[in-house]
Structures are given as structure tokens and as C-alpha cells.
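Across the two complexes that follow, subunit A remains constant while its partner is subunit B and subsequently subunit C.
Up next is the complex of A and B:
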């Protein structure tokens, strides 16, 4: 098999198609949710809505993750919180601050930005992969989580894990020839792009909408902590 | 002419025994041979056989073997591969293969011209039918019934098929002959093809590159001359000796790749310090070639050492493999605004439709 030709396919037409499906899918989800509409709230606002939004994001992204012990979610399930946190931190570092991924963004957006040194990104990638392994073991061993998990949960895990592990193998030239590892990485990424809009991984976008709406309501009622 | 062995011919040309053995040594190196044939064949006890050298095997072969005529065809090429050969800095090897041994027909190098040369080629092909080695440089256009490339009024495809018919072995040198190269680049106006896409029923050894590394071409020719067989090939019919590992694997800038130190432009501090050229579009990681080990001009340098990223010229379709200076991780195509717009529109329409349907269902 000519893996270089396959690589050209997964980097070229397949990626292109996956990206368009991803965009169409995310817009579809967004429009569908937006058209659910809002109930008209007749009460007079007691605080600033914009202020509420700002505080909501500060709390959700910048403050609470760094003082997690005050959160109930952390107190009840510290392993899940830490593993999940490391996974997200590693994921974002790799996707946005890893050199090869920045070049992807650059080619798509037309501009690039400085990136971190490979060893640093690498350690966070390892942390993310270990985080994912811990999470799946936890999901299988915790009685409640196991009951809550259906095929969708495991597939979500798998379709995110495959690009992560294939990317790591590729970066370190392990086991396979480079173009083989690269093809597998691209194949898993292409499939993930198609999968995301129709799965709960779409929370990468909806998280920001729910944070915003929640912030608006907090601000309006002046109950922001 | 053909009755003399290679060694006898060289001797008559004034090559001494010492020079001959030296050339054999170069050949051994060029073919990447470091293994002895099975010990059982040598009729020696194992502890003695271990000390024997491949060089004597090569010398013996050249002492006894008749010269093999080489017919070198050029089609849609730039003669760059021939140029690389003649300007190569390993004169022993190239002299041996090009001048001393047996090039019988080569448009660029032949002193004679016109019908005289063509007649000579026909005569050689008849006299050595089934014995001569065919080397092809350049792609073969099939468009317009082959009118894009003709020699002596005949199409390239016609000439190739005729020559291939009586050839003992076929070597395609350069990316054009191997995989179509530049002439085949999008939109491929002449419908160019590589040799192996035309001679589908024959084994074609590919020595891709732009140009092919002279030592890889001569090394492969030498392998055939010495042993009468073709070297071991990979899945794209490239000799594993020269195309076994990637440029990246043997790159002198590899440690910088591992350390995450990249040149960001051709003139920044990183470039001056010799850091990795991955961000500048280097295709080394997916390119199988011997540039980083054999190098060019007698081992002086190779593109990456001189500060230019690898273009991937020994791989099929390298002209259309994304921009030369675009990082290898970047997707091959950037989605057009229209396509993104269309995808968004589809999303809006389907999303709104679904929402409306849900609402209707709720009311009903």
C-alpha cells in the first residue's frame, strides 16, 4: 500500500470534506438550539447582564480551576476532576501551542502565533493521555458512572483518544513508519471532526454559550458570587 | 567490443589493477553492500570465510563479465539527472559506469546526431536483444497521441515500448521517469506518465529524485552490471539500499527537531544556527531518499544542510503535495470561502427545519 498517497488523501480531500461536515454540523446544532427560543422575562434587571457574563467566565475558566478544593465536584470526585482538568489543559496546549497544529491553524486562518517548545507540549500531551486513561478506568470502576455510561460515552472517549495517541506515536516516530502514523492520525482526526457535531464533544462550543446565558441570568438577578 | 570483459576493457583503457580494485571498492560502497553471500557458497570453513570481502566478489565478477550495453532514453525531461551524473564528484564510479563501461545511446552525451545515432541504437538493440540495460529519464506524454514528445518523428511511448521489449532490465531515473514528476503536475496538460505506469507488465526500477542522486543511479546500474540482477526494491520499486530510510531519519538537523528548535524564517536566528526547517515546509519526515547520507557533490552538502527544506522530490506527486514552504502538518487544501458558506447554509437550513419540525410536533 502506498501510504504517502493515502496520507495525501487523508490530509487533502478527506480532511476537506470532514471540515465542511464539521462546520455544517456545528451550525445545524447551534441553529437548532437557538431556535428553541427564550421565555420572555418580564422582571426588571437588578444587576448588569454583561457584568454577569464576565464574572461567569472568570469564575468558570480563570478562578475556580485553580482553587478547585472549594468546589463540590472536586470534593466528591477529585480523581475525575484532576484527570479531566489535565486532559483539557493538555489538549488545548497541544492543539493551540504545538508547532505542527499552529501550522494547521495558520493555513486555515491565514495567521500564526508563537508556539511552545516541543518538550513542554510533549509532557502536557502525556499528561492528557494519562488523564484519559485514568478517566476510562474510573468510568469502568465507579458503580454510578458505569450505570450512567452508554455506548456514546465510550465512543466519545475512543474517538478523542485515537487522535491523541496516534499524534504522540507520530511525533516520536514509534512503531510505524512516519507516513503510516501520520495517515492514521489524520484518519482519526477526520473521523473525529465528523463525529463531534453529533456527539457531546460539541460541548467545546456549547460550553461557551451555556456559560454566557448563565452569566446573563446571574447578572440580571444580581446573584453572581 | 562485447567480447572483452569489463576488466579487460578497462585495462586496455590504461586502468591499473590497483585503480580497478579501488573502483570495485567504490562500487561495493555505492551498492551499499556489506554482507557476504552465504558462507556455504564459499567452500571455506566458517572461521576463514568470515574474513572474505565483498570487494573481491565484485572484482571477480567484473573480470569475467562482458560489458553490458546501456541505452539511455530521454523524454519529457530537463536532462538534469544526466547533468547530475556527469557533474558528480565521485569520478571513479561515474567514469566507470558512464564512460568506460557501456553507454551506447544517450541523446545528451552522444557526439553523433540525427539518423546516424538512431541507426546505431537500432543496431545495438538488435545485436544485444535481451541483454541491454534500458535507462529512462523523463516522463512519457500520452496526450494528443504522443505528439508532445517525439524523437525522430516517433512518439515517446512508441520508442519506450520498442526499447523495453528487448531490455534485460529497465531503470527509471529521476522523478519524471519514475512517477511522472513535473510534467505530470496538476493540470498535467500532456497527460504525462511515469515508466512503470506504461510498462505495467515489466519490473521497472525507480530511482526518483529531482534530480536522482547520481550515486543511486550508478549504484543500481552497477548492481545490474556486476550481478546481472536487480537490487532489492521497496513497494514503489525503489532500491532499498538508497531509499530505505527517510531524509528526516538521517538528517543532521534532527536533534533540533527533537528539541523543538525550529527556524521560523529563512533569515532568523534559528536559521543561522542551523535549526530544524520543519516549520518552513520540510518534507523530510515522509521522504525516502539517501540525500542526508550520500549527500551531493562528493558528500559536500545536501539541500537541508544548505538551509533549504526538503521538497520530497523522491516521492510520487511531490509537485502537488501542498506548498513547498507550507509546514507539512498543514492540510493540503484551504477550504474555499464559498464551500464554507455553503456548509454553513446547509447547517442553517437543516437546523431551522429540524427546529420547526420539533415545534410543530410539540404543538400537535
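Up next is the complex of A and C:
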């Protein structure tokens, strides 16, 4: 098999096709939800809705264990906070602040930005991978998570895990020839992009809805969301 | 058949507001840490997100490609009649609609209102707990869920007038404030009326009671029957408009307050021509603005007080500072906080109609056990509340746990300490 040609395919046409499906799929999801309609709220506000939204997003980010409103839940389910937090932190660092990924963004958007040193990004990638492994074990062993998880949840995990592990294997030249590892990484990325709009991984988009709704609903009541 | 009715209702309830929140859930299970019924039972089915599962399934299967694909592939089943029966237990016996879980959800999903939609579907399908169905019927027929009639209220008002040595205003046209009581007070602590009357008089508020709109309770809200909710709330609306009042003042009732404040304007499709206020807020405002002077430390008398944050009045009503201001003046340092408190407080376990579901007695008392722990840790011998339903739950809970801890209402304390 001509791996170089395959790599060119997964990096080129397949990647752009996947990207298009991803964007079209997300737009479809957005439109589908928006088309369901929104009622205007007629009740009188006690507090500021805009202020509520700002606080809602701040609270969404401030998830460190020593913060009072996190403490209670953290003590009961620390694994979800630590492993989930490390996973997302690592994921975001790698795809936005790793040099190779920034270059992809640059080719798509036309502009780039400063990135972090490789060893730093590398450690966060390891943290993300370990986080994901912990999360899957937790999901299989915890009674609540088992109840909540069906095939879709496990596939989500797998289709996000594959790009991460293949990316790691590629950068560290493990097991496979470089162009093979690279092809597998691209293949899994392409597949993930296609999968996201049809799965719960699209939570990153609806996050902005739910946090905004929460801010409005509770800001209106003059309660910090 | 039942399932179909429920699904139709779910579909009707699903606007973008609901759908975008259902889509945001990552199924992380963190909301379980918030729920006192999950905590009390340890059953994963009582995790808040699981209580919304029926709605999620109905939404996905009806509106999304993924949902349709899941059914086609046999990964997920359409909602069945048995499902409706099963979830009736989770959503009615195991949820007080306390809203605490939404404060824990990392995605910020307003889980309780989604559970409200599930309740509505279950009710439409005829699987709401019999106790709640009965109370709804009784309230629609008599005006109060416990069957208290116009005559009962008239007798209570007359009795109280006699006791106070002054005629209480009833259906007085042009009054500024309409005071709305509850059947819980008439049955459990009729003296609350004396207390509130004293406070309103001391503040020189032009107020009135009504024999038309008598009960702030709204079984329609609790059971999730929109038509009943509107019918009961309409009564308040029409009376308030007839009397021409500027404000409807809700006495110690939580869901009655949020129904009138947050739900009624949306049912009407327009803002209300009057303000809706809870007595817990008014008490604090009167003291803060100097309209009423209290004898400071009147209750710093060897007892130790703690304040219970009710889900609908404090957490969902936002009225957390005002009652504390009053209690702080009354009890000074003998007022101790429970932990956690304010919007993170745990529910007493008796809200959301649970007190009217005999089958839920055990879980309700198990959840109350968490409250008992908190009270003990706060070192309090008296719990103060601004909600009559919580108050009854505390009373029954203390009896159940054979404790001699007391529970009382803030209005009753405040009315005794007013400086003329």
C-alpha cells in the first residue's frame, strides 16, 4: 500500500470533506433546535439577566475544587472533576496551542497565533490520555454512569480517544512508520469530525445555549446562577 | 396508549429552550451529587438526569436523526406504558422540584424545569400519584387541596378578627395589597394570619384578604397540569384585578409564589398589572427601610435558631438576604447557619407534592435525615422557615426521628418583636 498517497488523501480531500460535513452537520443541529421555537418570557425580572449570563459563564469555567460551590460535588465525585478537567484542558491545549494544530488553523483561517513549547503540550496530551482512560473505567464501574451510558456514549469516547492516542503515537514515533501513524491519526480525526454533529460531543456548541439560558433564568431571579 | 398521550405532551413542550438543554447534557452524572433523594436511597435511577430520560428519549426519537436511528437499530426502545409508570416513581416520589441539581450541573442545565415537563407528560397519561390527583380534583372543586371552603376561610377570618379585637379587611376594593394565605395555615398554624396582620398593620399597609382568591396553593403546578394551573391562578388574577390591588402578597407558600410570579405572566401572555411579592421579602424590606422597628435581640433567649432556605422562596425566589436580616435582628448571635445554605441549601424533602404521596413517606423521611444532620451540626434547637409546607415537613420529620427540635415561622417571631 502506498501510505504516502493515502496520507495525502486523508490530509487533503477526505479532511476537507469531513470538515464540510462537520460544519454542515453542526449548522443543521443548530437550525433544527432553533426551529422548535422560543417563547418570550413575560415575567418581571428581579435582577439583571445580562449579569446572570456573565456569572453563568464564569461559574462554568471556575471549577477548581476549593471554590465553595464546587466543593460539595467535588468531594462526592472527584474523579469526574479531575479526570474530566484534565482531559478537556489537555484537549484544548493540544488543538489550539500545539504548533502543528495551530498551523492547520492558520491554513484554514488565514492567521496564526503563538504556541506553547512542545514538551509542555506533550505533557498535557499525556494528561488528557490518562484522563480519558480514567473516565472510561469510571464510566464502566460507577452505578450512575453505567445507567446513563449506552453504545453512543462509549462510541463517543472511542472516537475522541483514537485521534488523541494516534497523535501521541505519531509524535513519539512509536510502533508504526511515521506516514502510517500520521495516516491513522488523520483518518481518526476525519471520522471524528463526521461523527461529532451526530453525537453528544456536540455539547461544546449547546454548552453556550445551556449556560446562557441558565444565566437568564437565574439572573432574572437575582440569584447567582 | 398512555405512552402516546405522554409523548404528545412532551412534543408539545419541546421548544428550543428545552431541546438545547437536552442536547447540552454530557451524561456526566454530576447532578447526582446534588439530589437528596439520590443521596438518601443510593439508587442511580434517582439521579436527576435520569428523571429527564423520558423527555430526552421522546425528543430525540421524534426530532433527531440520531434518535430515529437508535430506534431503528434497536439500541433504544420507544416509550412504553410501563416506562410511564416507572418514571412516575422517579419524578414524583423522588423529586421535590427543588432545583438544587441545576446548580451543580457543569453545563448549567435547568434540570428541575425539564423534570417539570416529564411530570406533565406522566400526569397527562394518567399515571400521576393518586394522592396528588385527588388533591388537584379537590382544589378545583373547593378552592383548596384539603377541601377548605369559602365558609371555612370566612370562619377563620372572623375568629381571627375577634381574637385581634379588630375587623380584618376582606375583599376590600381599592386596597393596595391582597394577602393570599394557604390551606396549610388554616389547618396547621392559623396564628400565622394574626402575625402577618400585625406586621402589615404596623407598616401601615392598606391590605385586604379575599374570600374569592383564598389559597396561594396551586395543585396544577405541582402535578404538572397546565389547565388546572391556569384555572387556579386565574382565580387569583381575576380577584386581584377586580379589587384593583397593586400587589399580591403571598404568605408562607413557595410554589404558589413562583407560579404567580414566573408562570402566570407567561400563561397570560402578558405582564401582570400587579406586583407579586412574598411575605419573606416584604418582612426584610420593611425592617431594612425602617418601616418597622424590631426590638433587637428579642429572641436571644437561650434558644439557638437556624434558618431553613426553602427551594421556591429562597433558591428560586432569590429571597435569601431579607429573612436573614430579620432573624439576625431578632436572634443576634443565637442565629446559626446550616451548611450548605442559601441557594446551595438542601431541600427539606417534603416539597414538590411529596407530602401528599403516602407511598413516598419513607423516601421523604430518609431525605429529611440529611436535614437533621445539618441542624445538629448547626447546634440549633429551633428551625425558622418562611414556608408552611417545609414547616409541616419539619414537624413530621422531627416526630419521625423523635427529636424535640422545634420549628416555627419567621412572621410569627417577627410579629412578637415589633416596637410600636
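The rule is short, and it goes like this: the second predicted complex is superposed on the first by the 213 of 225 C-alpha atoms of A that agree within 3 Å, B and C clash if a C-alpha of one lies under 4 Å from a C-alpha of the other, contacts with A are read in each partner's own complex, and residues count from 1 in each chain.
Criterion: a residue touches a chain if its C-beta (ideal position, glycine included) is under 8 Å from a C-beta of that chain, and two chains touch if they have at least 3 such contacts.
All values reported here derive from a predicted model rather than from experimental measurement.
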Inset, instruction - Applying the touch criterion given at the start, work out whether A:7 contacts subunit B, subunit C, both or neither, answering first, second, both or neither. - result: first
Inset, instruction - Answer with first, second, both or neither: which of subunit B and subunit C does A:23 touch in the superposed model? - result: first
Inset, instruction - Return first, second, both or neither, reflecting whether A:54 touches subunit B, subunit C, both chains, or no partner chain. - result: neither
Inset, instruction - Using the superposition on chain A described above, determine whether A:133 touches subunit B (first), subunit C (second), both, or neither. - result: neither
Inset, instruction - Would you check which partner chain A:118 touches, where first means subunit B only, second means subunit C only, and both and neither mean what they say? - result: first
Legend entry - Partner chain in contact with A:104 - subunit B first, subunit C second, else both or neither: first
Inset, instruction - Using the touch definition from the top, say if A:162 reaches subunit B (first), subunit C (second), both or neither. - result: neither
Inset, instruction - In the overlay, answer first, second, both or neither for which of subunit B and subunit C A:32 touches. - result: both
Inset, instruction - Give the label of whichever partner, subunit B or subunit C, reaches more residues of subunit A. - result: C
Inset, instruction - Would you please give the residues of subunit A that touch subunit B in one complex and also touch subunit C in the other complex? - result: 29, 32, 35-36
Legend entry - In the complex, subunit C residues that touch subunit A: 14-21, 23-30, 32-34, 38, 44-45, 47, 49-50, 63-66, 70, 75-76, 102-104, 106-110, 261-266, 268-272, 275, 315-318, 320, 340, 343-344
Legend entry - Interface residues, subunit A side, partner subunit C - complex: 29, 32-39, 41-44, 46-47, 56, 59-60, 63, 69, 72-73, 76-77, 80, 84, 142-153, 198-200, 202-203, 206-207, 209-211, 213-215, 217, 221-225
Legend entry - Complex interface listing, subunit A residues touching subunit B: 1-2, 4-5, 7-8, 11-13, 15-16, 19-21, 23-32, 35-36, 99-101, 103-104, 106-108, 116-121, 173, 178-179, 182
Inset, instruction - Using the touch definition up top, name the residues of subunit B that touch subunit A in the complex. - result: 235-236, 246, 248-249, 257-262, 278-279, 285-286, 315-317, 321-322, 326-335, 339-340, 342-344, 346-348, 350-352, 354-356, 358-359
